[in-house]
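Please read the structure below before turning to the comments.
Chain lettering (A, B, C, D and E) follows the sequence in which the chains are written, and residue indices restart at 1 in each chain.
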Amino acid sequence: ETLTIATVNNGDMIRMQKLSEDFTAQNPGIDLDWVTLEENVLRQRVTTDIATKGGQYDVMTIGTYEVPIWANKGWLVELADLPSDYDVDDLLPAIRGGLSVDGKLYAAPFYGESSMVMYRKDLMEKAGLTMPEAPTWDFIAKAAKAMTDKDNEIYGICLRGKAGWGENMAFLSATANSFGARWFDMDWKAQFDTPQWKETLTFYVNLMNEAGPPGASSNGFNENLALFQTGKCGMWIDATVAASFVTNPKDSTVADQVGFALAPDNGLGKRGNWLWAWSLGIPAGTQKAEAAQKFVAWATSKSYLEMVAEKEGWANVPPGTRKSLYANPKYQAAAPFAQMTLESINAADPNNPTVDPVPYVGVQFVAIPEFQGIGTAVGQQFSAALAGTVTVDQALQSAQQLTEREMRKAGYVD
Amino acid sequence: MATAKSNVAARIMISPAVLLLLAWMLIPLSMTLYFSFLSYNLLSPGMERWIGFLNYEYFLTDPAFFSALTNTLILVLGVLIVTTIGGTLLALLLDQPIWGQGIVRILVIAPFFVMPTVSALVWKNMFMNPVNGLFAYVAKSVGLPPFDFLAQAPMLSITGMVAWQWLPFATLILLTALQSLDREQLEAAEMDGAGPFSRFFHIILPHMARAITVVILIQTIFLLSTFAAILVTTNGGPGYASTNITYLVYSQSLLQFDVGGGSAGGVVAVIIANIVAIFLMRMIGKNLEA
Amino acid sequence: MGSITLSNVKKAFGDTVVIPSIDLEVNNGEFVVFVGPSGCGKSTLLRMIAGLEDTSGGTIAIDGQDVTDLSAAKRGLAMVFQSYALYPHMTVRKNIAFPLKMAGLPAVEVDKRVAAAANVLNLNDYLDRRPGQLSGGQRQRVAIGRAIVREPTAFLFDEPLSNLDAALRVNMRLEISELHQTLGTTMIYVTHDQVEAMTMADKIVVLQAGRVEQVGSPLDLYRNPRNKFVAGFIGSPKMNFIDGEEAAKENAATIGIRPEHIELSTESGRWKGTVAVSEHLGSDTFVYVNVDGVGHLTARVEGERPVSHGDTVWLSPVAGRIHRFDAQDMTL
Amino acid sequence: MARAVNNKRRAVVTLIAWAVGIAIFFPILYTVLTSFKTEAEAVASPPSFLFFDWTLENYAEVQERSNYFLHFLNSVVISLGSTVLGLIIAVPAAWSMAFFPKKRTKDILMWMLSTKMLPPVGVLVPIYLLFRDASLLDTRTGLVIVLTMINLPIIVWMIFTYFKEIPGEILEAARMDGANLWDEVVYVLTPMAIPGIASTLLLNIILAWNEAFWTLNLTAAKAAPLTAFIASYSSPEGLFYAKLSAASTMAIAPILILGWFSQKQLVRGLTFGAVK
Amino acid sequence: MGSITLSNVKKAFGDTVVIPSIDLEVNNGEFVVFVGPSGCGKSTLLRMIAGLEDTSGGTIAIDGQDVTDLSAAKRGLAMVFQSYALYPHMTVRKNIAFPLKMAGLPAVEVDKRVAAAANVLNLNDYLDRRPGQLSGGQRQRVAIGRAIVREPTAFLFDEPLSNLDAALRVNMRLEISELHQTLGTTMIYVTHDQVEAMTMADKIVVLQAGRVEQVGSPLDLYRNPRNKFVAGFIGSPKMNFIDGEEAAKENAATIGIRPEHIELSTESGRWKGTVAVSEHLGSDTFVYVNVDGVGHLTARVEGERPVSHGDTVWLSPVAGRIHRFDAQDMTL
């Protein structure tokens, strides 16, 4: 029996691929075929496959966005037969909630993340400021300007600018939440014409223009990581998983100078952080559901974490899924960002993401099928605003129009 | 040379190619046509319903459509202009007797062998990146602020990248054409008192007209469906600044999984491609006959 | 005016010396033909005169003025190429007008001159066709038209008729001769067809391996070839050469007799032989005869002679028409 | 009759030509160089060209991470297979069009070319569904079929222009010599067109090798060629320039080498009847 | 054996009738030459005989057997093409062996026959070369070798020499004639060069616009052309035609005199005229004369005659050599 597993090409997944001999040794008779793809390609491939029942994959790596939608359509196998030592209750509640529908688990989290502030202690010190544990946006703006030294290629803040619902819109949606904005009101009416959005976007564009790196409108996670690692960013607000990279002296020139803080807020009760988990799900069409479930259980089990710790050190364990990991002193010692990560994850509430009530689930996304398209299209507009090719007002207006258009077409509003 | 028997054989021999291509074109195309009248989202299977021309209405009134159309034209024309002019100049250069001609030719050909994705990645990350890219480094070392190519001039940058890939192709064809020019014609022109420029414009260029047409035809075919370079570098942005028709259809059908809308876009793209094709064939037909 | 003087002109391609050294005088208005076997340097010499090829040494003067370092465009010569080298994308009119256009003449003048040239060459009906739509002879005429329209100091022709079929070649040959008579311009003409050479030239230059073997009028060369090479090269069918005993009788290493200077008899004569092939042209008969101890001889007989394969015939050279050569192949 | 050229001019032209050639080649060169750098050096400023610590660790890592050989093999099978299949279909068609031209022949040829203008995304979903039903997803066979169909018009055109150059008299001579249709094609036509067929083969292998839309969308694991291999490096976490360069080098090297070795053939064949 | 009979053979390309109807008998062992102006249907006729072209009507029989519907491969004929049509990818040996291979002969037999053919044609030294490495004449010989090796019932030649230069053409002409004498096989030969026609043919077929104008031996056609067309077509230089008064004197609409049948005198004669051009070939002189009231006449004079442009000369036809034609151009 051969399982075809579609994975995203990030470090933790690749490591799992390398360690999978452990699984095949335990389960003779099961072979693994890996399809490792870049995130966007992966999403496109697996979605096409599952929606057309192509049946090419037995295990898919999917995110918290897909799981509720797909589970509702009955496309995913419920993970009901997990082995007893799996300990479902050990999963972090926020994550588990995001992967369950009606209390049933449809995908097992491989790693989870939220977002937080990473900053350079040395530069902060040089600027004469101290980073509070839970900063406000005003402080961030002030610090960013103070740290910026463009002549030496030091930019106070690096934020995502590359268009995409999972790129700049992840950051901006989450940020908007903290500014009191939301995607839709309870009647699914788009909200980009509200002052909250205008405030969010103006703040973002101004901040980036004054203290951001050049070319920010094409920077995503990867580009910002490279910038931060080479010492060109004062602060970076992004995924918690980045913490282990920026503190790894092998890749990072600033490893010993990184500090962490919660994502900023504006005093409205919501922080600008998101929640995401790359998870393993099993498509309903597969003939090999049993073997697939064995694999999923293996890859997301406690023992897998221990195996990684043993082989690669605790700092490299996939984070953000299990309470037990954060309770583990060895992990806390090896990962100085552990506490901050946990707090960030706990601070996100997918079911109640915004200041004002919304009809949808999801912090930095809206869990409806149409969101990928809308999110990316809006992302394009905001990216253009950042690049300066349109004004903030124009970008918001276009965003409003296109969102209304798509929602009308999809039948949410008349 | 035709006898009745061989004519029958000729018909039989051509039919596999024609029938296969006909099938390849008609079957998916008719499915696409059918889908284009449905409300069909891949993520909502089983909810397809007939909605008439609504998909077309949405696609054609999409604010992105107009810029996609212009961008498609800019890209195709831009690359064609760069490659034909550049290719002609390069061909002229490589036609001269030089030492190590073989090696230079190899160097010039190389970009044609590079996968479009790889090329886009390399240009984007190692050259055009405003912080780590080589261009930024050069700009900084002469005291200029680095230019953010992909954000400030996305179409220009993409055109440049694609042109780099197609330049060798144009050069090769034009070079072969140039080398087929009867040297005596050039000498005759020289005797007739024509200087280098006159010789180029009156003799060489007209001689290469046919080759240039072929370059234009083949490249247009490939350029109309440029997509990897955009996907990898700008994702069509910022805004719609670098979205072309192909990318727009791609984003409809594979980012939004709106098969109905994507199919409508596909049909529109087919129509546009055919308009271009008819136009090109006219031009080619004229030039290939002579 | 159009006199051309080559002094000590040399040409080498890399290490290969193609023309060791040539001195040559072409007088104004003369029709000079270069002949010689393939590869002997005819084209190279012509191209050096044209300015299409650098000289490796020596000087070329046109009308007394040294043009050795002048570019082709500035020498004021016109050239007609073997391949015609017409511009395929231009109409006949444009082809002919091209040199004038390059010279920057006003349109009215251009039209006038093109019309005149077309008249001379009977091209009026074809002015708006492309070269591809013309027959070989018409193309040839266009090429000439392009040359004459500019009124050059001299014309250079490089085997201009070799791509035409036999009948057309005869016509064009006459046309070029007439043109020369009409215009009176100096012409240098390269060919390997010695009928052309004989009929057209005022002066023939016989070349071999880049050296001038003999210069003279056609009949001069026909009658008094300086050596065996020239003797064999001029005249058609080729001169018969006989060596050995028969030659010794005439006190020569080799003797040569032209086929038209052999008399054929079915009764008696100097050499007895058998007919191998006889070709009856109506006007003449060519008889190829094997003569024991002498070899193959060709005889040309006027009119129709009823000889055929296998017949025994006698051949006799016409008195006074025997050419004698020494061991160095020089005429005695 | 080539004209002799003096050496000074030649030297100047040589200099310019080399400069231009190196400029055009530079991105590839730089990629290859970068693949031997460490990640830190890859983004270092000022960039280093030759004087850095050469390392093979990127290749080692890429090799460890993905099954390069499988992808490579798939690429070879798919590009070769589709080209050969295309040739088998195209040769008879081109023969027919070149030697038995009808009034419609040119229209047919142009129509064939115009099918290449179909934007692939427009028909992806139908093809995907058809392939799913025919169990061709993620099979080499499936990809061979798709790429054959995509490149068939180009193959037909190229072979057609090649056949056009073969004088009909030669085929007639063969007929007079007692050859039947089959003998004629096998013993005379095909060997004579070998250079053309070779260059068609080459160009289409290159096109098929680099085709990144269908190969990516219709494969998963078993049949995925090098384009999919690249897709797994195109945006890993962190911009690993050096590893990306190594993967890129590995993906393009085979075809680059093939192209270089056969460039004479390729150049000859790339005329598409553009040269008369 | 190799007799070929065409009965009422027609050919039309679409609506264009190229050959209205032709009857022709080629006897075994005959050397038949088709001549006629360009486009008159020579090649078409030959190709129909070969089987490369369908007939639109009528029957073709070889040795009495109807082959009209037989494919080219099965008619047992061999053809030599104008372009030689050698297989460029095969060595000379393979080229010559190809028809034998197609016929399925055993290798030993093939080798033997190829060797024999190569011997006949003096190709032994070139057997392992490719056609591209051969000179024009050698290629021509290979093409012939490929034809003779199979011992066909008849050979068909379509202008086989027209791509060769003058000197080579003479040689190859002789070789083909010798070959015919050696093999004795029927040969049909298309040419537009009437020297070839005259020298090679047993029987000449003169075609015009798809119709047979006359069939006969070369000298027969030379002496007794059936009409003005044949008279003008056979013989070189072309026959002079005179109409009007001078013709009326002879009771004809037109009279014709061949250049070799005109006597030239500087003193007296029938017609007085001025020399336009005189071409001195050494062996002969061609004199082009303008005669008032008669037109341009060409005279061929043996040897060297010192006449030149502008001289006044008298021309007289040789008695009994005048051809007379009626108003329908038929010979009287």
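Criterion: a residue touches a chain if its C-beta (ideal position, glycine included) is under 8 Å from a C-beta of that chain, and two chains touch if they have at least 3 such contacts.
To keep track of the chains, here are their UniProt names: B = Sugar ABC transporter permease; C, E = ABC transporter ATP-binding protein; D = Carbohydrate ABC transporter permease.
Model, not experiment: these values are computed from the prediction.
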Third chains touching both chain B and chain A | D
Fewest hops from chain A to chain E - one hop per pair of touching chains = 2
Of D-E and B-D, whichever chain pair has more C-beta contact pairs = B-D
Cα centre of chain B to Cα centre of chain E, whole Å, reads 56
Once you find the CA centre of chain C and the CA centre of chain E, what distance in Å lies between them?
-> 26
Cα centroid separation between chain A and chain C, in whole Å?
-> 89
Which chain C residues sit where two or more other chains touch them?
-> 52
Residues of chain D touching 2+ other chains?
-> 1, 3, 43, 125, 129, 172, 231, 234, 239
Of all residues in chain B, which are in touch with two or more distinct other chains?
-> 1-2, 42, 132, 184, 187, 254
Within their complex, state which residues of chain E touch chain C.
-> 162, 165-166, 170, 174, 177-178, 181, 192-193, 195, 198-199, 218-219, 222-223, 234-237, 258-260, 277, 279-284, 286, 288, 300, 302-304, 309
In the complex, chain D residues that touch chain B = 1-3, 5, 10-11, 13-14, 16-18, 20-22, 24-25, 27-28, 30-31, 34, 43, 45-47, 89-90, 92-93, 95-97, 99-100, 106, 108, 110, 112-127, 129-130, 149, 152-154, 156, 168, 171-172, 181, 206, 209-210, 212-213, 226-227, 230-231, 234, 239, 241, 244-245, 248, 251-252, 255-256, 259-260, 263, 266-268, 270-276
Touching residues on chain A, where the partner in the complex is chain D = 4, 6, 9-11, 14, 17-18, 33-41, 44-45, 48-49, 52-57, 220-223, 225-226, 229-230, 241, 245, 251, 253
Tell me, which parts of chain D touch chain E in their complex?
-> 167, 169-170, 172-180, 183, 187-188, 191-192, 194
In the complex, chain D touches chain A at residues 39-40, 43, 64-67, 125, 128-129, 132, 137-138, 216-217, 220-222, 224, 228, 231-239
